[in-house]
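Following this line, the structures themselves.
Look for chain A in each of the two complexes below; its partner is chain B in the first and chain C in the second.
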Partner chain A sequence: MELPAFHYHRPNSLDEASALLARHQGDVDLVAGGTDLLPNYKNRLNARSHVISLGGISALQGISTRRIGAMARLVEIERSPLLQTRLPVLAETASKISSPPLRQHGTLGGNLMLDTRCYYFNQSPLWRQSVDFCLKAEGTKCLVVPSSKGRCFATYSGEMAASLLILGAKVELLSAAGARTLPLAEFFDEDGIVRFRDRKEDELVVAVHIPEEAEQLSCGYRKLAIRDSIDFPSLGLALGLRINKRGVIEDLRLATTAMASRPELLDEPMAEFIGQQASAQLAFRIGEVAQKASVAYRNVPLDPKYRRKMVAVFTRRLLEAISPAFAN
Partner chain B sequence: MSTYQDDKAFRAPLSTLPSTGKKRQDGSDQDFNIIGERTPLIDAREKVLGQAIYTDDIDFPGMLICKILRSPWAHARIDSIDIDKALALPGVHSVMVGTDAPIKFGVLPISQDETALAVDKVRHLGEGIAAVAAETEAIALEALELIDVKVTELKPFLRKKDSTRELREGEEKIHEHIRFENNIHKRVRQSFGEPDKAFAEAAWTANASFEFKGVTHAFTEPIAAIAHWTPDQRLTLWTSQQVPHYTHLAIARVFEMPMHRIRVIKPTVGGGFGGKSDPFPHEMVVSWLAMDCGRPVKMLFDREEVFFSNHGRHPTSNEISMAMDSNGKVTGLDINATIDGGAFGSFGVVTSYYNGVLSHGPYRIPSFRYQGTRIYSNRPVSGAMRGHGSVNTRLGTEVVLDMLCAKAGFDPVQVRLDNTLSDFTTLINGFRITSNGIRECIQTVAERSDWANKHGKLPYGRGIGIGCGFYISGSALQIHKSRLPQSTVHLKVDMDGGVTIHTGAADIGQGSDTMAAQVVAEVLGLPMERMRVYAVDTDMSPIDLGSYSSRVTFMNGLAAKRAAEDLREQLIRAASRLSGYAVESFIMRDGYVYNRHWPEASVPYMEALEEALAGKGALATSGCYTAPPMGAAYKGAGAGLSPTYSFTSYICELEVDPETGMVQPLKIWAAHDCGRVLNPLAVEGQIEGSIHMGLGQILCEEMAYEGPNLLNANLLDYRIPTPSQTPEMDVSLIESVDPEGPFGAKECGEGGLAPILPAVANGIYDAVGVRIHRVPMTPDVVLTAIEKKARKERREAAARSA
Partner chain C sequence: MSDATPTEAHPEAKLLRLTLNGRSWLGAVEQHALLLDVIRYQAGLTGTKRGCDMGTCGCCAVQINGEPRLSCLTLAHDCEGAEIRTIEGVQSGPLLSALQDAWVATGASQCGFCSPGFIMVGEALLEEKPKPTEREVREAIAGNLCRCTGYVKIVEAFMVASGQAEPGQDAVRRNAKGDSESD
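Here is the complex of A and B:
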């Protein structure tokens, strides 16, 4: 399989990248590792005429506890001694993405901005022609939810997002019009084609910022996939907990990925548990609530009903693993 | 002394012949040179260094690239194909359509139902409709978009039950040649003994149905071929093939060309597993295009095209019933199987038989009934895949046997031991069993796994299961009726002292080249480095029928051995002439024609060779193998008939997470009887590879269809187990020493796959008490079964308390 022809740009500064992005607006993609973009290009999935590599921009690098550059490679996050001690859930999540060789190339920004996936989308041109194409590429109807009325249900599979959501991360964006920072929880859109709420076409992700208080949380991440390497998640679940000495929950955050078209922070459903006394029974109850609050569609591996059940199991197991107060 | 310089060692007079000091494990006093040694494959180094030449590595000046226009329809009548615009595109040299080569072909003479490209109608999504030869891949792809195909869509047949029923109004059957007004390709009915009586009189019976999704070979090297119509008006085809000889025959048939004008060459092949064991449409396509253009034409499939080519294991529904007497003796077996053959015949008639007949062992089955049905459907063709035809029934029979043991309270290991076939016996269907190490296989894995202290005794969530099997070591009957041998090997030795082995056996990564070299080196008492193998160039190598049905070590090995024995005889005669001692006193070992009685009269190899060459030139010998007559006379008696059989037993210990349904095998104990082990390194590799492949089928691999569309035609979504999911394997090789095999060897490439499926399935039952009836046993399916059982137990508890 050959890549389609495109103009390749490799700017050395953010300004240059920003200008290129503005100039080719609407017909341009950013490549930040390429482990997902290039296979999609080979399948002629919304390939653009211009591709801008972000690999030459030093301002996109760097890892600290408060800021991680968009071009930090997943392997760097996985192996960062700083993150391993201060924000271990980020290193843990990175270590579960894809496979070791691909984590050498894949980046935080690339994973965060990962295109949504679907059985009807991630296919060859012939395959898609045989079903008369889908909403997300060249077609007019959603094949997952035929009554979708123009909404795309492709599944978001980025894994870093779930962990960053429970840490309360913000995303720093840059465009020709200037920089802005917004909470990650407000960044994603529920539509699998739109993907990002209010993102300007010429905007790029510079970094994510993590608030200091995130370090107070005890966190964990679980991934559901048939194989323990290579596979995209069929569910990714991150959980953050602050609990006092008496076993009272002071903060509880839960986020899922690979269920819907965006990563979901289940903040409202979890609110009722703040102030409650941890117990095995409560862990079970929290799992049930998380399951009820989750939706999934039949467009990635494993049955949606099963994936929702696993939300409950993973939630309970993470609570038990994080605090012994949930074990009895 | 010769004027030629050669290694001194092979000319040195004998002072003392060093003993090899190697004694066989079986206690025999046979003293082997290279047989039984852990011998790295002779092409391992070039593969590891990236220097092996696969088909796609071959380039010629002026070579064109071929791309195939594939059908987006599952079942449709072709009304018209307009290729004019594509032909007019600069850089396009030729465009082919189905009517350019309409003669049908197929691997079995009874199933000649494929064409190079679709003629009149398409029968599955992905079938070739037209093909382009162009100067670059990009031009070829552009040309495909310029081809205009008009069709009338037909109702596709996608479910087994739609293919087995009578046609309805407005439906058109997939092939005109189907005998009845349905889509049934082949029916097999066999009955031996008194099955009805066996079930009526049984102390215990058990029955279960299973649904198997299709699996495919997923070999590493995608399918590839290059054709060249050379200036001498001959066609040469380089092709990634397991059966170059059948391709040779099929090309001659399709192009109505005498065989001597066709040359088929097999370069290095990156795996086959049965997926490259048919003559293929794309081979016809590149051949036609090369003849049309007068230039070399290359075809390399992408992975999706490999999935379209498929020929993988048939999706199967089967129902197995077994009867047992009060002593735990199996008295009857009843098998009903429906297998989905996809759009074409391929090996399907054989598969239809194998689903039944390969269940006659490794146990004594006094009464047996089998009903098999192979259907056509509008999906890519199913064919032969490692363990051909035996795997899905084997899962069923071994699980049902386990169910009987659970019902009757017998130990599954003991029951298997009590029911095994003996060696040197004949089965009710006429199979001839010779060497048989099944008892030792079972005993070995039971002991090594500590079965007695584990089965039924592990904590909830952990379990242990057993599965056994047997497999053919080459088909005794030939696909094409012929008086030719099934395998022939030529040897040539000249004054350089190296031994050239010409063989038609297709090394597809399994190591058959190394096997042939080892066999010849052993007979001649020479080191491996003197062996060189030239395999599969039909101009140069004698015919071998190919790498399928686990026939190569046995048949090609015997051919190689006989050719080497002929060569040895000539060298011994020469030594006898030189030394004056009788030929009977000589053997060959360690670089000498060695005199067993008077070691000082031994003749160095190079001196004997010089004498043998004198006035005659290079020595050329030939050896061959033809299976002896065997078997019964009823219709279908030849299916599964083999000169010998391998036997296998596996035990798997595993963990089931009762809340997620995830199954993790922890350790596998394997014992395989492959007769004499020629090369432990290679045999262990085959067993480990078989286990890995079988684990894929039982736990995660499936060709997932939605309607006619394969959802996962890539190696990301078609999930082969990764190394980290693959457990530790404890492989024991049981050497039953076959009376007919080369040095007593039998097959080891396929029989080792099937038993891992039931070992896992029975292990899951031991761990969490559920029987899963769908393969693969993915975590969602396992969890559903666990939940169903829990609900049933709750209901029963409630009923008891009420």
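Here is the complex of A and C:
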């Protein structure tokens, strides 16, 4: 398929990029690795007349334990010796995204800003026309939840977000009006079209910042997908734990992705377990609570009930893998 | 499309410079063109295949500055000044590369449509890891689909090319994920 025609821009600096974003506001997209945007453009999904390629901006590069540039590629995160030792969950998560050639393309910023996906949206124009267009592209009604009254239920499938949420990461945004930093936990909106709570249209993600205390968590990430080798997740679950020598939980963080229109940090449901003594029984209980706190929409592969059950299973398995105190 | 008159909706083609299989290449390329289209239709190198066109099948894989990339998901103008290597640039003169040779010897090609993609990914793997394990091979080719061979002959070709097996030895297990090391 040919891409729809657009004006291609390749700025060499952040200033140039934000000026371009501001100038073409409303009719512009940013492209990093292209693995999400270009297939959507081929399917004529909300294509714009201007595309800004971010590959030429060196300020968006770089990996350290405190800051990862938005254009750091997934393959670089996966293979970074620094992240593998200090923040291994980020390397682990990156290694599970899609396939090796696509991880050469894909970037942290691109994965974070991944457009929401839906059975009724990620289809060819002919397919979409035949079932009537959906709210997210050309239509007027959500085909997942027809009574949604204008809300889009497309599913967020970025995997890095789940791991970054448990690490307490922040997003650095830049526009012509200046830079600001937002906690990732407050970044996403529950509407699959709105996607971001208050990101302005001319803002671009420059980097992700990770607090120093994140390194004290023991973390893990599990992915549920039909094919390990390439598919988008039907559930991604990241868990972070700090436990003392006596087996008492000092910190417990859990986040899911590919369940709803935004990645969810289950901080409130997990709060009750802090200060409790780890045991096999408690691991089971934590899994149950996580499952109860999760919703799954019926618009990506695998049944929502099954995906919610797998929240409990993954939670338990991760707890057992991280600390032997949960195994007996 | 390349002779279309530029309009607001159809922007003017721009000059693009590449090093294509070691030779410099220069052409007027549409702003929205994919690298795949430039390779196939403007440079006339049709060894690189358009398969799924969505990044799933790996048939369009080429090397950009030595790294395996999918040309169906690469904007041509993102490659300004880059070194592109396609299947046509793998052999040296009349000689096939070790991997291509092994491909023939093991029968890793059946219909052959996916072979260029596998070989472009494979050449990059063998450059990085001259003696990969079976598991490493299977992981590296996870983004390449073959609907004929069932992958056994393909993995065998890697083992033969890297000097770890002889053709016809049945070096590769037929029912495993290749996890000879512990998981």
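FYI, the second predicted complex is superposed on the first by the 328 of 328 C-alpha atoms of A that agree within 3 Å, B and C clash if a C-alpha of one lies under 4 Å from a C-alpha of the other, contacts with A are read in each partner's own complex, and residues count from 1 in each chain.
The rule is short, and it goes like this: a contact is a pair of C-beta atoms (placed from the backbone, for glycine too) under 8 Å apart; a residue touches a chain by one contact, two chains touch by 3 or more.
Computed from a predicted model, the values in this text were never measured in an experiment.
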Have a look at where A:Met1 lands relative to chain B and chain C in the superposition and call it first, second, both or neither. both
After lining up the shared chain so the two structures overlap, which partner does A:His105 touch, if you call chain B first and chain C second: first, second, both or neither? second
Which superposed partner A:Leu126 touches (first chain B, second chain C, both, neither): first
Could you tell me if A:Leu302 is touching chain B, chain C, both of them or neither one (first, second, both, neither)? first
For A:Ile230, is the partner it touches chain B (first), chain C (second), both, or none of the two (neither)? both
Chain B versus chain C as contact partner of A:Gly55, first or second or both or neither: second
Set intersection of chain A contacts, chain C complex versus chain B complex: 1-2, 228-230
Show me the residue ranges of chain A that touch chain C in the complex, using the header's touch definition. 1-8, 10, 31, 33-35, 38-39, 42, 49, 51, 53, 55, 98-102, 104-105, 228-230
Footprint of chain A on chain C - complex, ascending: 1, 8-11, 14, 30-34, 37, 53-56, 58, 61, 67-70, 72-75, 77-78, 80, 121, 139-140, 142-144
Residue ranges of chain B in contact with chain A within the complex: 70, 72-73, 125-126, 137-138, 141, 302, 304, 659-661, 699-700, 706, 708-709, 711, 713, 716-717, 719, 721-722, 724-725, 778-780, 783-784
Chain B partner, complex, touching residues on chain A are 1-2, 119, 123-124, 126-127, 129-131, 224, 226-232, 301-303, 306, 309-310, 313
